[in-house]
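In what comes next, chain A is part of two complexes: it sits with chain B in the first one and with chain C in the second one.
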Partner chain A sequence: MKKRIGKSRLGKPSIISEISFYLILGMFCAACIIPFIFVVIISFSSESSIREIGYSFSPQEWSASAYEYVFQLGDQLWRSYFNSFFVTIVGTASSLLMTIMYSYALFRKDFKFRNFFTFFAFFTTLFGGGLAPTFMVCKQLLHLSNNYAALIVPALISPFNIIIMRTFFTTSIPEELIEAASIDGSGEYKTLFKIIIPIAKPGIATVGLLTALSYWSEWFLAMLYIKDSKYIPLQYLLMKMQNQADFLFKNASVIGVEASKMLRDLPSASLRMALVVFIVVPIAFAYPFFQRYIISGLTIGSVKG
Partner chain B sequence: MKKILALLLVACMIIGTLTACSKDSTSGGQGNGGSASAATNGRPEDHVTLKMYFHGSNVSDDTQVLAKVNEYLDEKLNVTLEPIWGTWGDFDNNAVLAINGGDDVDIYFTCSWSADEYNLFAKRGAWVRLDNPENNLLEKYGKDVWSLLPEVLTNGAKIEGSDGFGVYAVPGYKDIACQLCWDINVPLLEKYGYTVDDIKNTDYYGFGEILAKVKAGEGENFFPLLIEGAVAERMVDNSIIVAGDSGATNLLSYYINPVKTSDKGAYGDVILNKFATDEYKKYVTKTREYYLAGYIDPGLANAEQANNLRSEKQLTGQYLIGTQSYSLGYETQASAERGFEVAFVGTTPAYVDTTSSQGAMMAISTASKNPERAMMFLNLLNTDPYLFTLLDYGVEGIHYTKNDIGEVEFIEDARAKYSPWTNGMGNVTLLPPQKGQGADFWTKFKAYYGAADQIPILGFTFNSDNVSNELAAVANAAAEYALTLSVGAVDPETVLPAFLKKLDDNGMQKIVDEANAQLKNFLANK
Partner chain C sequence: MAYRLGRKKKSSKRLIKKNVILLTMVLPTTIWLILLRYLPMFGITIAFKDYKIYTKAPGLINNVIHSKWVGFDNFKFLFATTDSLKMIRNTVGYNLLWIFLGLVISVAFAIILNEITNKFVAKTYQTLMFFPYFISWVVVSYFVMALLDPTSGLIVKWQMSQYGEATNWYHTSKPWPIILTLANLWKNTGYSCILYLTAITGIDKTQYEAASIDGATRWQRIKYVTLPNLRTMIAILLIMNISKIFNSDFGLFWNVPLASGSILDVTQTIDTYVYRALSATGGNLGMTTAAGVFQNVVGFVCMLIANSVVKRIDADSSLF
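Moving on to the complex of A and B:
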């Protein structure tokens, strides 16, 4: 960062630039929020309206039938909803613990294999194992199939989060603090959990939010490893409906008569949108919870990458 | 330190490449007689579990069915079946991963249109060659099913694979022929003084008068012509899909003979650019005329909604003439579903093409530890009515009941939790007929499909590997234009030339040339 050159430039931007910045930001906000509003509107549109005029901001007729249908899904819906919450909460907690411990070790200058383990984590961002080998290791070696572990373990560690976390430690924790702690007789674990973690809360919250988001919107793992409907998260339930509709639509000509019948039995577009609403709302509520940490957390990346 | 890291990196990369290449090489030496003690008849001594991967299923509770199935299988073959119920949405991805990953799945669904494509994966060595001269599983354990299948299927299954020319999967006996039909709303047609014969005696270009009369009578918001653009084009032009063509929007056409489908069509044994023929131009021009006259719903030009709109209008009878791919007995089923009389008028006789002859098959994976037992199981599944009915329809009394003449009526709630995809399971002729089909349904079925002619290029599958870049680019261009053109929503006078130019710019000719070179080669070897 450059040193500030003159106060006048920073004091007050001209009105024109202020207006244009607000306009740009406003447009950006609109671009983020409008699709979601659109989804909500579609979920409340009646089927016949969608058929007649397609997706529209002002449907011919409103209807809550999609939501009625969602509630009739019954057990599977609540089971999947529970799974999503369970995986997100347990996954985020254990992933945070792993990330903190890994990055704390990398942060400590007196750790002998620091460089090696930094590289070890970094390497995987450059060269992934590829889908088929990963699948083989997870399924055949680790037996991650049809259990909650299959939804949590493969996403436990993210090199990106480790790097953020480590950077946060290096910028916000003076080494003297650790020395002082050890002089006062604090063991390694006590130093980490009683001294470092309370200081690093903003960073942990940022990484925690990122992790929670990725666990919450994860459906690919479920597709790969979950066959038993007991463990299906809500996101994959939705994805399944979407994939089936797409596939049947594409292959209707080869599957023939049966395809049109099966397409008819599939949940409607408004139902799928209703499920999207179900998926988005809880995670949207997580933001305010993390927000007070986020603002201080966000500056981490800008100071040191 | 840096040097060591660099070395490590190189080592990782080399190991990665090596393991990726050597994956399949272990799978060649199958059939080592693991269960050689198995006698051809009678129950083998050692117990094995077979995993079988199905497509298109909608199964959330299979416990009752599997209890019965496994009780029966234990007694017959000393086998426990563990089905994997793949769905339309996840099969393509997961089955391919399971095959590439060498999962311990014994039997896979495969066909000419799924991602674990029969021909391709046979070449890659994923399937056990069933009539391998060294260990002829088909001869030893599969005689019953093989003798019962029609020749179209047994011939269609013989392909070039990793162990030479032979059979790599057991074809399912299902609706093996393809026929596209005009879907007629009979009560409405008769209301305006016409009969189904009037449709039979004319063709697409002669529908104008009937359509005009019905449109005038039913009013502004009624659209009598309910066509699926691509299907209608094939029906009118007598062109068919070339197996292996781009899936989303077909680009290639092969013209069949509309009177006798085993004879050569208008262009002979040549594959053409679908959009560049005179027939195509004539079709889109006429369709544009119908569109402008208000016979076609503009909603049909919207790819997102066209399919829903079409099935909804079919169900509620908001059409006069529609398009439908037909399977035997569908008129009864459709009439019952829609609540009015529906008739189907074919534009060609039923014919067998590659897609329909390799439409559903069961292949034994080279990763299977018990290929012999898997073959015994496939043989039993495809010949034993009790087992097949149990696995497909469920348990009598729980999932379905039978009426006086032996037709099956499903119990909706239970069936909703257990609905495998019937046509993907094997020999559907073993099943009792469903309600409304009539007791002699399968006799009619065998007669109808047995009489179907084979098209001259049966067995040919276009391999687009050499032109995959061009194919993707051209398919994109086609996705932009083809649907709107084929339902008449845009003016072919201006749009068609622009479309054709775009196709040419993206290398359409190269694809057509490649396809014809392959076809020539195929016909020479046949």
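Moving on to the complex of A and C:
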């Protein structure tokens, strides 16, 4: 009732503008999701249908053979899937730990070098060496090449995440709490892990999700530092398959013997789309639940940054 | 007196101890920043050197130290080629176009989204719009390929059935400015739209009430209440985008055109150039570093200019 009064006060919204509002945004939103639906449909199309009428929203024949092949494909695919998960989990955990400790110290008003370390991190967003020197340092000095570290270390720290984390600390943790803990004789680390972290859980979830997403979507680091197919993550595998359509044929030895037998009648087009589905599905299912956290994080990061 | 002195000493000892422990907390990240961010900054010297491998004791640091200083030669070579002018034109051109389109479309969408009264629809729209932001460019390139693939792409098949022949999309330059623009808008509109939307929801409700008591129509409310309140957000995003005007989204320009070599005149940017030069055997490290330095310095200056312009127009909206 209250709402209706408010609305009539605000003036009657004209029906035409109302409908056009729904339509304009509705069309854009459809465009956002249709490509994904299209790829799912292609992945369920039979190879003969693709040969006959190309990629289509209504294939002549449906088939799940692409998925059967995905499960039978063996080594390289599962290896890459494992790599992606491994890098995401280890990367996110270490990144979170480092970010939390750094931001917590920056949040503490009694930390003498607070201003220095704040500047130390944020200066890197204003100025940097650029891709070429960074690449040289990582590869030649730090030996980040053909190992898991090459996929994890270069993306560990983002000043953006430090800002988000510190903002969460300042808004959710009263200073008296730290004083009280220190009077009770709690050590700094104990205070951080036993008292602060449980309170700052929403902030940690936000930063953790952003980090996990960026690790999951990472292909550039693999492109720079990985030559050995043992360490290729899923995203980069997908990219390689695209750049050389016959990647699977070339790598028959890596994929496995029984797989190479099937390669002759491999549903290559629908198979690749099935892999795309495999990459997007974890994000598509997780994202609506975590959307709130992510939005709050991005808003803080962009405004304070 | 002695007692008080002792207490002071004790508390200052505790203060030192506390700061030492806090220092150990910042240590891991500090080491990371030094190795991966500050050390490469010294690599900028490569831009002013003729980088050669020091044969007596090869190694990055030795190579840099023993290479000859050449002043601004690397920059001269970089700008002497027509390719470099094209890639700078592409980088800046696309950025200017996308900053403008992104601003107009995202603000418009955010306002529309805010005007939608059905909360369920608004929430669904918001979720759908934001989805592309989480998709990597590798996956987006597959989406584009589903349309443009030379043998089975949807658009290609349609062209075949209509005209009997199809465009060879990945080898024709002309449509790519539009394709890249659409891809960029598709992926990023939702994100900036939501940033603007949070700014709108933060607007004081009494302003709207006052406006409607004065008899303002919906359009007048948008014009005189919503838009002026978005000023700060628009300024912030504008300054940040302008400071990146010499940078490009590598994934977009590399993956979406499938790194095709025959459409470089419209898809090559400074970032893809640096990567291509870096990964090519015998690539000129001095020139690629110079390109990076150029990006950095000019971007920094652009940001300062944008900030001072915003400050002059509206002091409250500037970043610093």
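Some observations on this one:
One rule holds for everything that comes next: the second predicted complex is superposed on the first by the 212 of 305 C-alpha atoms of A that agree within 3 Å, B and C clash if a C-alpha of one lies under 4 Å from a C-alpha of the other, contacts with A are read in each partner's own complex, and residues count from 1 in each chain.
By definition in this document, a contact is a pair of C-beta atoms (placed from the backbone, for glycine too) under 8 Å apart; a residue touches a chain by one contact, two chains touch by 3 or more.
The model shown is predicted, which means the values in this text are computed figures rather than measured ones.
Residue contacts after overlaying the shared chain place A:I50 against chain B and chain C alike. Of the two partner chains placed by superposition, only chain C is touched by A:G128; chain B is not.
Once the two structures are overlaid, the count of chain A residues touched is higher for C than for its counterpart among chain B and chain C. Using the contact criterion defined above for the overlaid structures, shared-chain residue A:M239 touches chain B and also reaches chain C. Once the two complexes are laid over each other on the shared chain, residue contacts for A:Y22 go to chain C alone; chain B is not touched.
In the superposed model, A:F36 makes contact with chain C only, not with chain B. Within the superposed three-chain model, A:M136 lies in touch with chain B and with chain C [touch as defined at top]. Touch criterion not met for A:E176: it reaches neither chain B nor chain C.
Overlaid on A, the two complexes show chain B and chain C touching the same residues of chain A, namely 50-51, 54-55, 127, 130-133, 135-136, 140, 239, 242-243, 269.
By the touch criterion given at the top, residues 7, 9-11, 13-14, 17-18, 21-22, 24-26, 28-33, 35-36, 38-39, 42, 50-51, 53-57, 97-99, 101-102, 104-106, 108, 110-113, 117, 120-121, 124, 126-138, 140-142, 153-154, 156-157, 162, 182, 187-189, 192, 213, 217, 219-220, 235-236, 238-239, 242-243, 269, 272-273, 276, 279-280, 283-284, 287-288, 291, 295, 298-299, 302-303, 305 of chain A touch chain C in their complex.
For chain C in complex with chain A, the residues that touch the partner chain are 15, 18-19, 21-23, 25-26, 28-30, 32-33, 35-44, 46, 59-61, 109, 112-113, 115-117, 121, 124-125, 127-132, 134-136, 138-143, 145-147, 149, 151-154, 156-157, 186, 189-191, 194-195, 198, 208-209, 212-213, 215-218, 221, 233, 236-237, 240, 250-251, 255, 258-259, 271, 274-275, 278, 285, 288-289, 291-293, 295-296, 300, 303. For chain A in complex with chain B, the touching residues are 50-52, 54-55, 76, 115-116, 119, 123, 127, 130-133, 135-136, 139-140, 223-224, 227, 229, 239-244, 246-258, 260-264, 268-269. Interface residues of chain B facing chain A in the complex, by the touch rule stated above, are 1, 5, 9, 12-13, 16, 19-20, 56, 60, 84-85, 87-90, 92-94, 97, 100-104, 112-113, 175, 178, 230-231, 241, 247-248, 299, 302, 304-305, 307-309, 311-312, 314-315, 324-327, 330, 333, 337, 355, 359, 421-423.
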